[in-house]
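To keep things simple, chains are lettered A, B, C and D as they appear, and every chain counts its residues starting from 1.
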Amino acid sequence: MDLALIVLLQIVTSIAMLALISLGLAVIFGMMRVINLAHGEFLMLGAYAAILATGHGVNLWVSMLLVAPVSVAIVGVVVERLIIRRLYGRMIDTMLATWGLSLALIGLVTMILGNTNTGFSAPLGSIAIGGFRMSGYELFLILFTAVLLAVVFVVFRFTRLGLIARGTMQNPDMAAALGIAPSTVYAVTFAVGAALSGLAGALIAPLAGVVPTMGTAYIAKAFITVITGGAAILAGTISASGLLGAVNTLGSFLATPVLGEVALLAAAIVLLRLLPRGITGRFLKGSL
Amino acid sequence: MQFDRRSLLRTSAIAMGAVAAPAIIHRGAWAQEDVIKVVGIHDASGGLDIYGQPMIATLGFAVEELNAAGGLLGKQVELINYDPQSNIQLYTQFATQAATRDRAAVVHGGITSASREAMRPILKRFQTLYFYNTQYEGGVCDRNIFCLGSGPAQNVTKLVPYVMNKWGKKVYVLAADYNYGQITAKWVKKYVTEGDGEVLADEYFPLDVTDFGPTIRKIQAAKPDIVMSLLVGGAHVSFYRQWAAAGMNKEIPLASTTFGGGNENKLLSPEEGDGIHAAFAYFQELDTPANKAFLERFHAKLGDKAPYLGAELAMMTYHGFNIWAEGVKKAGSVDRMAVTEALESGISYQGPAGTTVVDPKTHHATLDVHIAEVKDQAFEVLESYAQQPPADTQAVCDLSANPNENKQYVVGI
Amino acid sequence: MSAMLETSGLTMRFGGVVAVDRVDVKIHEGELRCLIGPNGAGKSTFFKCLTGQYKPTSGTVHLREHDVTGWDSFAIARLGVGIKTQVPSVFDGLTVRDSVLIAARRRYGAILARKRTDEVLGRIGIEDIAGKPVGLLSHGSRQLVELATVVASEPDLIILDEPTAGMTAEETARTAALIRQLNERHAIVVVEHDMQFIRSIAKTVTVFHQGRVLIEDKVDVVLNDPVVRDVYLGKEPIRAAVGRVAA
Amino acid sequence: MNAALKTTWGPIALAALAALAVCWFLPATLELFALINATVFVSMAILALSLALVWGYGGILCFGQAAFFGLGGYTYAVAAINFGDTTGAVPLAILVPAGFALLLGYFLFYGRISDVYLGVITLTVTLILFKFINSTASDIWTIGTAPLGGFNGIPMTPPLNFPGDMTAMLMPDQIFVLAVIGLFLCYAIAKLILASHFGRVVVAVKENELRAELLGYDVRLYKLIIFTVGGAMAGLAGMFFANCVFVSPTMFSLSYSGQIIIWVIVGGLGTLVGPVIGCILLQMLTNWAGTLEVIDPNLVLGAILVIAVLLLPKGLLPTITGLIRRGDRS
């Protein structure tokens, strides 16, 4: 019984992690049809921002929840101005340019901070569930991701910002009709996406360790989750992470973590073969 | 002319046995050079830098000490360091470079067994002497290489009975998924079974795995008495973090043949690391006069930049270089075969890690082994075993009888 | 005359929208048929069902003795159906000659195909731009290039979706003459909004409205039908044509 | 005929001359180490050429060209170890990746998957191969007498021997010459394919898939064939690479797949020579950057890619030839 509960918790953890690392990419893809291949490095920058901030005596929670997203959002604004803006509508070119950015950021951080593993310990101790123990921080991550998704939903559904965003998703001219330049909407979107990525990076840092190349471990997963999910930001992210996360965990439990990852990738291929426009390209169309 | 050279090389290649390719070697020039070139190939960056950086520091220190004392054969030793960035293919590139461009007298380096196996055939093909100074899984039988770190018959054989006696008989093995982890796990199984224990499960992880969540749950379900970690590299440090975050470090004790080799005890907080048991041929905390004197010199020289030396790898690199230097002195030359023969005469070296004796038949070493426990980010030595022979490799390899042998034996279970 | 192409109950739904609704149309060998109808009447969707770009929701398409319902586009094309799409679908990166050659080469070997290409270029009157990349041409010329590629592949049935959009008066007249000439050897279905053009070429006219066939008869009958005038001609006679040119 | 001479046979003859010059000159002047490195560059150039064909002319943006490269290398190593003789291993190193490309391509193109989705799937397949091959360290993963070795790869990858004579192993200079010949042959084959009717249709499909289909061409088949040819070339590249380095899972890594795309985009999409030049220049640059202590090679490579996309969207070669042409005119 305890074992079933713990497997279930592990599945939920995997799903939450996938959703967390994909959300920033999904926002940018869903709104702008831009695939940001520097997403993994945004995660990495968030993690380093948190480490550097705690190193300078900033409270751990403030570093993770405030410093990391804000600093990466600033990076996002700069990147949007210098690169993304010049390539709107050219999806492949944007992918290639952000890929270049990804390499450049890895190189830059390696030069400045060195190519060494760092990290910090997870706060919040552990809790007992029957005869099993689990890290309190993982539980926190699950709850936090749920809250984050809810906040994104509320913002999109009920605020003027969300209205403009949804309008722009449907038709870029809509924003213009509302008296807002589409370029402003895109800039804000990119910054929000970057902030979400930075936040995610800081939050996974205590579990995964931090190194300049850490982004490469996540970009493929996030990329695959977002494309498998399709264009709808929330519904896509949640459905794809749910499916892929569950497959991954079951694979890991029944066989090995490597087979779990392979199962995740294989599931994504099968899904895309069956639903070439992603899950929300077929189901839940027009949802958020 | 061309044909002649080729057929000659071909014949010699066949004579040499399983050498992979004939070689074109522009040799002979170094003997006249006024410096002796030594190449060190260790990861200064990437996931394995936690091991590489202290090794680079001790190798550099050993060379400086030697040069300060007048060098070798009246010449200064020039050390060339390459950083393969934890990338196996860069190892092959740098090994080729060391042999064919630098024409190094000796190459010291390689951290993982994978990197050793990548360099070994190249250095043998290009006839360049190779020293591998890392604790490893044993069994390499090749006259061109000297493996001076401890092997399973020296560390696993002591650690497994010790912890089984202390904690219980049911063992769960976690290993890095490459030849080191795979082979060492076999040795662990062998010794656990011999001690009437039981290996509940063995799991293998590629070096880039950072998510150990499912594994930690599986271990909890299996309820072992001991978790034996043969995990390697920076990414795998996440295991210890996640293990502690789940509160498991209070529930099931950990033992490891690798923990400490990369100063993992310093990366983790005391709450996370305390209580882990490890076995190595050296710990910086060893309380011997030779070690104390060394640390004093080392710190005087490097000051704040002196890295923590942790367990074995960095110190055996220091020993390894000095043993090679002893060989050169005895041979009176840096010629590969002359030095090899000198070393095969049973050279020994007394250093901070005690006495290291080269075993002529296997090119491995007899050395002291210690079991220690992590306390407050440092190792506390619990037991010491003097002069342990490399029995694992000795059982299968005899280079004085079969000098052309070139393979790695794997324990048969 | 035997039916060359016959649809029965052809229906195409997108979600809740019925774009083509139980359409029964027969085209005979060698016929020249005009199709008219306001924007959104379902003409282009109907063609996409005929040429295999859409798989119809229900109903069938027969091409001579073959039931081609749900076939792939290339297979239908190989049975002898060519289409000039509403927005010119051309090879922007190729030259005019190479584009036409690609089409001719599907039927003929290398030497015959070259001959055929020159012949078609001459017939459509675009030899002078044969060496230019299609991407650099004006809208009208692109229409002609597309027409040339379709003709060069020698289909038995040619579907022309608004062939004169974006053409000058002179080009339009030339196209009308060309269509009559093509009709000597091929069956043709033309969609047009230009009534004068239709009068000048058509014999039978089919009117589409809201996805269904409203009426099908001789050109004079149809153009004088009050219902047709009401749904189509009366309401937006010129604007529809203008709108299409802009598109 | 004249046009064919100018656009096809002329460049092939020039390439043959260049290959001859390189084979004559480099082995005699380069040091052994540099020659081995040069062989690596040439094998990479073949890889760049394979993607130049598939992406630049076939319009298929494959994020997983490294998969065929790795398969070629591994097939060669496993077959050569098992046979003891490399004569049979070489064709296998081309056929196995080609066969894999055929299967994968059938799955993709006959499933009508295109654009970014095709990119994701090829990337995912490459990742799966990487993860699989990276976890084959255990003894059970042995094909015949060749252990796959997991993370270690197969360090004992045997070098080529004279066909049929397994004791006559080739020297590094001979392997270099063979690699250059391989590159030349791939170039000539690509040129001839593009000059043929088949090649024209492939380009037409890239230009406008719908139009080609409406003219009666089964575009899936054309894409599949060009994709398979690309896979075969990448396999050959992997075979040469295995000869001068050795096979290990990094051959399947994302960073390889990425680099190939960078070579092609920097060299010039829609040309064959451009990506080859881009590949060799960028590799020399990365090697040089690797020796600098101050600048990280990733930073250099990344910056080049960003700049190439922003400022030279056509790539190096077309930009330069464009400039020369403009210069001629004025």
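As a working rule, a contact is a pair of C-beta atoms (placed from the backbone, for glycine too) under 8 Å apart; a residue touches a chain by one contact, two chains touch by 3 or more.
The structure presented is a predicted model; accordingly, all values stated were derived computationally and were not measured.
A.B. asks: Could you tell me which chains are in contact with chain B and with chain C alike?
C.D. replies: Looking at chain C and chain B together, the chains touching each of them are D.
A.B. asks: Measuring between Cα centroids, which chain is at the maximum distance from chain C?
C.D. replies: B
A.B. asks: Could you say which chain's mean Cα position falls nearest to the mean Cα position of the entire protein shown?
C.D. replies: D
A.B. asks: Higher C-beta contact count, C-D or A-B?
C.D. replies: Pair with the higher count of C-beta contacts: A-B.
A.B. asks: As a quick test, compute the distance in whole Å between the mean CA positions of chain A and chain C.
C.D. replies: Between these chains, centre-to-centre, one finds 48 Å.
A.B. asks: From the mean C-alpha coordinate of chain C to that of chain D, what's the distance rounded to whole Å?
C.D. replies: Measuring from centre to centre gives 43 Å for this pair.
A.B. asks: Taking the mean of the C-alpha atoms as each chain's centre, how many Å separate chain A from chain B?
C.D. replies: Inter-chain centre distance comes to 39 Å.
A.B. asks: Could you put a whole-Å number on the gap between the CA centroids of chain A and chain D?
C.D. replies: Taking the average C-alpha coordinate of chain A and of chain D, the gap between them is 33 Å.
A.B. asks: Send over the residues of chain D in touch with two or more other chains.
C.D. replies: Those would be 131, 134-135.
A.B. asks: At least two partner chains per residue is the criterion; list those residues in chain B.
C.D. replies: As it turns out, chain B has residues touching two or more other chains at 177, 204, 206.
A.B. asks: Could you list the positions in chain A whose residues touch two or more of the other chains?
C.D. replies: 110, 256, 258
A.B. asks: Using the touch rule from the top of the page, what pairs of chains touch, sorted by label?
C.D. replies: A-B, A-D, B-D, C-D
A.B. asks: Okay, in this complex, where on chain D does chain B touch?
C.D. replies: Listed in rising order, the residues of chain D that touch chain B are 31-33, 36-37, 131, 134-135, 137-139, 149-153, 155-159, 167-169, 171-173, 245-246, 248, 250.
A.B. asks: In their shared complex, at which residues does chain B touch chain D?
C.D. replies: Listed in rising order, the residues are 6, 9-10, 13-14, 20-22, 24-26, 87-89, 92-93, 96-97, 100-101, 113-114, 117-118, 120-121, 177-179, 181-182, 204, 206-207, 410.
A.B. asks: Going by the contact rule set out above, which residues of chain A touch chain B in the complex?
C.D. replies: Touching chain B from chain A are residues 3, 6-7, 10, 13-14, 17, 110, 114-117, 119, 121-122, 125-128, 131-138, 206-209, 211, 213, 217, 249, 252-253, 256-258, 260.
A.B. asks: Which part of chain B faces chain A closely enough to touch in the complex?
C.D. replies: Going by the criterion above, the answer is residues 45-47, 49-50, 85, 177, 203-206, 208-215, 217-218, 220-221, 234-235, 237-238, 241-242, 244-248, 251, 267-269, 271-272.
A.B. asks: What does chain A use to touch chain D in their complex?
C.D. replies: Touch residues, chain A against chain D: 35, 83, 86-87, 91-93, 95-97, 99-108, 110-111, 216, 220, 223-224, 227-228, 256, 258, 261-262, 265-266, 268-269, 272-273, 276-277.
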